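These are the structures in question, set out in turn.
Below, subunit A partners subunit B and then partners subunit C, in two separate complexes.
After this line comes the complex of A and B, so read on.
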C-alpha cells in the first residue's frame, strides 16, 4: 500500500524562476504514473523532489500519510532507476543487487534468497558473477531494475530508464515493464519524453510544460479529450493538425471556415459539438485541431457518411511516407506541415493533389486566446 | 591486330591460382620487410635517445663503484677498472644513513597517506556536496597553490618553533598533510564520476563516508595511485623544510644526510655519489612500481570517462 500525494509542490531556483510550479497530484496505490513533457518542463525535477534528491522549495509531499519534505532519501522507502543505470562498476551483478540490502543489515541468507529470486524474475541469473562493464545495455537495464525491486520499496521512480536502449530493445523492455508492474503490484512513477512509452505504460499520464501541469488523465482520455492546444499537439505521432478557422452560422448549421472567411473551404459541425461551438465561439477566430487518422479520402469518407461535411479541402502533397500498415501524406499550409494517415492502398504521390474529408465528430476546437479545448469535459474521468 | 589485343586482354584478366598465390606472397614479403625496417629504425633511435638521457645516472652508478683514485685521472673513465663497494661502506659508516632513510620513509609515508585521506575527503565535498560558498572556498584552496612554499617558510618556522615542535616527526609531517594540488587532482577525477551513482547510493541508504570508502575510492584507485607516487617522491625529495626544522641525527632525513657526506676537510666525491645512488633507489623503485598507475591516472579521464 503506497499513496503519494503532492500538494502545491514548487521548485524555485531563484527568485523569478520556477522549475516546477504548484504541482498537485494524488497518486493511488498500484498506479503507473507517467510524467511526460518536452525537455526542461520540470518532470525530472519533480521526480527528484519525490526521491529526495532535490529540496522542495514549497508545498507538501505526503507518502503513506507521512509528510516527507525533510526526510532523507533513504528514509522515504522509494527506489529509483536512473537513465544511465547507475550500477556500481566495482561490484558484480550480485554485489549490485545485494548492496542496498547489505547496508540495511539484512541477514546474509535472506539477501541470497532475494537476489536469486529477483535474478530469476528478470532472467539475469547467469550474469550474477559478471561486472557491469561486461554487460550489454539491455542487461544493465535489467540489473538496474533488479536492484530497485529487490528492496521492495513503496514505489519505484524511473527517470527515462529506456532512453539509452536501441529502438527494438526499448519496445521489448516496455512490454516487460508493463508485465513487471502487474506482477509487483506497486506504484511506479515514470519520467519520459517518449509519448509511445507514456501511452502504452501509464495508467495515468501527467503532461507538463514549463513546470506547470497541463493535464492529468488516462492515456486514451488524454488522446481523445486533450485539455488544451499544448496537450493536443504533444500527444500523438504524427501530431495533431491545426488550422486557423472561424466559427460561423450558415442556414441554421454551425460551420467552420478554414483559413479565410471566403467560405470556399469549410467543415460542418454536428450535434453537441456544433452547439458548444455556437454558444462559445460564434463569429470568432479559433484553432481547429484534427488528428491525422481522422482525415479521410473520398472513398472512406463515403463509407462513413461524412462526405458532405467537408467542402473544398484539396491539398498538394509535399511528402509521402510509406510505413507498411499505413501511408502518411504531408501537406503544407501557411508554413505549417500537416499530416494525414491513410490506408496503404492510396497511391497519391508527392506533388499530386488530393481531396480530404474531416470527420466532424473528431474535431477539436481551441480558443485562440486561452488555447483551451472548448469541448474538454473534466467529468469524463 | 584486334585478335592479338583480345588475347592480351584475356591473359591479363585470367590469373591462375598459383600465380595469385605467388603474387600475394611477394606483396606480403615486401610489406613485411618494410614494416620491419621501420620498427627497427625506431628502436635504434629510441635506444640512442634513452642512452643520452640516462647517461648522467649511469655515470653516477659507475662512479659509485670506482675507487676514488680512478676518478681523478686524465683519461676518460666511464667504467670502473677495479670495481669496489668501499664507497658504500664509507657512506654508511660516516653518517647514520640507515636512520636517515628510515626517517625519510616515515615522513614521506605519513605525508602520502595523510594527503590521500584529506584530499579525497575535501575533493568529495567540493564535487558531490552542495553548500553555501562552495565556489569561493574552492577558489581559496586553489589560491594557495599560487603562493610559493619559500614565501611562507619563515612564518611556518616561527609557528612550529613557538609550538615547541622543532626536531620531531610531527614537525616534518603535519605541515604537509594536505595539498591544494591533491584536492584539485581528485576533484577533477570526481567531476567525471557519474552523479547518479552517488544519488543511487544515497537512495540505497549509503552514508557519505560509506559511499567514499565502498564506492568512490575503489573506483578512483588509479587517481590515488598517481597521487601516491607523486606525493611520495615529492616528500622524499624535500630538502629546505627538513633542513630548517631538524637538528639532530635522529630526526634528519636522507636528503640532509647526503649533504652531510660532503665534508670540507676530507671530500670524497665517489663516496658522496655512492650515498646519492642509495638515496635514489627508493624513489626510482616507487616510480617503477607505480608508473602504470601514474600513467593510467593521468590519462584515465580522457580515455575512459
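After this line comes the complex of A and C, so read on.
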C-alpha cells in the first residue's frame, strides 16, 4: 500500500520565481504516474521534492498518511532511478545492487538471494562481477533499475531513465518497464519529456508547464480531451494543427469560418459541440485545433460521410514524410506548419495541391484569450 | 623499402631531446653518480675523493647509534607529516566541497600554506612557540619550551610541515572531489546511506586515484623537508629532530665528511625508491579508477 498525496506543493528558488507552483495530486497505490512537459517545466524538481533531494518551499507531501516534508530521503521509503543511472563506479554490479540492503544491515545470505533474484529478473546475472565502466548503456540502465527494485520500496521515482538510450533500446526498455510495473505492483512516478513514453506507460499523465500542472488525466483522455492549447499541442506527434477561426451562425447551424470571416472555407459543427461553441464564442475569433489524423482527403471524407459538413481547404504540400504505415504531408498557413496523416497510398508529392476535409466531430476549439478548450469536460475520466 | 628505412637510424627526434638531456645530465645524472662514487671514499675538506674505503662508510653508518636515531626520527617525522598533511587537506577539501557563502574565502585560506615559503612559516612558528612571548603557551596557559624539549621538538616541526603540505593536498583533493558525480550521493541518500557511510563508501574510493598520487608525492616531500628544521631546531635538541636530510647537511658542511654524507644520501634514495615501488605495487589492488 502506498499512497502519495501532494497538497499545494511549491518550490521557490527566489522571491518571485516559482519552479513549481501549487502542485496538487493524489497518487493511488500501484499507479504509474507520468510527469511530462517541456524542459524547465518543474517535473524533475517535483520528483526530487518527493524524493527529498530538494526542500519543499510550501505545501504538504503525504506518503502513506504521514507528512513527509521534513523526512530525510532515506526515511521516505522510496527508491529512485536517475537519468545518468548514478551507479557507484567503485563497486561491482553486485555491490551496486546490494548497497542499499547492506546499509540496512540485511543478513548477507538474504542479500545474496535477493541480488541473484533481481539479477535474474533483469537478465544481468552474468554481469554481477563487472564494474559500471565495463557496462553498456542498456546494461547500466538495468543495474540502476535493479538497485531500485531490490529494496522493495513504497514507490519508485524515475527521472528520465530511458533518455540516454538509443531509440531501439528505449522502445525495448519501455515494454520491459511496463511489464515490471505489472509484476511489482508498486507505485511508479516517472518523469519524461518523451510523450511516447508518457502515453504508453502511464496510467495517468500529469502535464506541466512553467511549474504549473496543466492537466492530469489518463493517456487517451488527455489525447482526446485536452484542457487547453498547451496540452493539445504538447501531446501527440506530429502535434495538433491550430488555425484561426470564427464561430458564426448560418441558417441556424453553427459554423466555423477558417482564416477569415468570408466563409470561403468552413466547417459545420454538430450536436453538443455546436451548442457549446454557439453559447460561448458566437461571433468571436477562436483557435481551431485538429489532429493530423482527423484530416482526410476527399475519398476518405466521402467514406466517413463528413463531406457535406465541411468545405475542403486546398493546400500546397511543402514536405512529405513517408513512414511506411502512413504518410505525413505538411503545408504552411500564415507561417505555421501543419501536418496531415494519410494512408500511404496517397501519392501527393511536394509542391502539388490537395484538398483536405476536417472531421467536425474531432475538432477542438480554444478560447483566444484563456487558451482553454471550450469542449473540455473534467468529469470524463 | 621497409628494410632500408629500418637500417637508417633517424637522428632527428634524438636531437630534440638533447637540450633537456643536457640539463638533466648536468644537474641530475652527474651529481647522482658522483654521490654514489663519493660514498665509497674518504674525502678531504674540499670534498675531493681521497682514500677508497669501499662499503666502509655504509657499514659505519648502519652501526652508528646516531644514524639509527636519524632513521627513527625521519620515520616518525614522515608519518606525522604525511598523515597530518593529508588529513588536513582532505578535511578542508570535503568541508569546502559544498557551496555556501564565503566559500572562496575559506578555499583561499586552506590553500594558502602552499604559497608560504617553508622558512618564513618556520620563523612565524618560532615566534608562536616561543616559551615566554609565544601565543601557543599563552593560549594554552602552559610553560613549555616547545622547540628545545626533546619530547616536543620533533612533533612541532612535523606539525608545521604537515600544515605547510596541507595547502597543495587541499588543492589535489578538491580537484578529486570535483570529479565525483554528484548524483551518486543523491542516489546514496535515497538508498539510505548516512553522511559518514557515503564518505567511506563513495568519497574515499572516488578519491583513491588522486589519494595515491598525493600519498607518493607527500612521502617523498616529507623525506626531503629541510628548511623548517634548519631554522627551528637545527637537528636538536639532542638530535631529536635530526632527520636524514639534516644529518646529511651536517655531515657534509659542518663535519666535512662528504663520503659519509654521500652514503646517507644513497641510503635515503634507496629508502624512498623502495617505498615508492611498494606503493605502486599496492596501487593496483587498492585504487579504483
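Everything that follows uses one rule, which is that the second predicted complex is superposed on the first by the 380 of 381 C-alpha atoms of A that agree within 3 Å, B and C clash if a C-alpha of one lies under 4 Å from a C-alpha of the other, contacts with A are read in each partner's own complex, and residues count from 1 in each chain.
Just so it is clear, contacts are C-beta pairs under 8 Å (C-beta built on N, C-alpha and C of every residue); 3 or more make two chains touch, one makes a residue touch a chain.
Remember, it's a predicted structure, so these values are computed and weren't measured experimentally.
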Clash or fit (per the criteria above) of subunit B with subunit C on subunit A: clash
Which of subunit B and subunit C A:42 touches, first, second, both or neither: neither
First (subunit B), second (subunit C), both or neither touched by A:73: both
Touching partner for A:84 - first (subunit B), second (subunit C), both, neither: both
Which superposed partner A:103 touches (first subunit B, second subunit C, both, neither): both
Set of subunit A residues, in rising order, touched by both subunit B and subunit C: 51-53, 72-74, 78-80, 82, 84, 86, 88-90, 99-100, 103-104, 147, 151
Touching residues (chain side subunit A, partner subunit B) in the complex: 51-53, 72-74, 78-80, 82-84, 86, 88-90, 99-100, 103-104, 147, 151
In the complex with subunit A, residue positions of subunit C that touch it: 181, 183-184, 186-194, 197, 201-202, 205-206, 208, 288-289
Touching residues on subunit A, where the partner in the complex is subunit C: 51-53, 72-74, 78-80, 82, 84, 86-91, 99-100, 103-104, 131, 133, 147, 151, 157
Residue numbers on subunit B that touch subunit A, as the complex places them: 194, 196-197, 199-206, 210, 215, 218-219
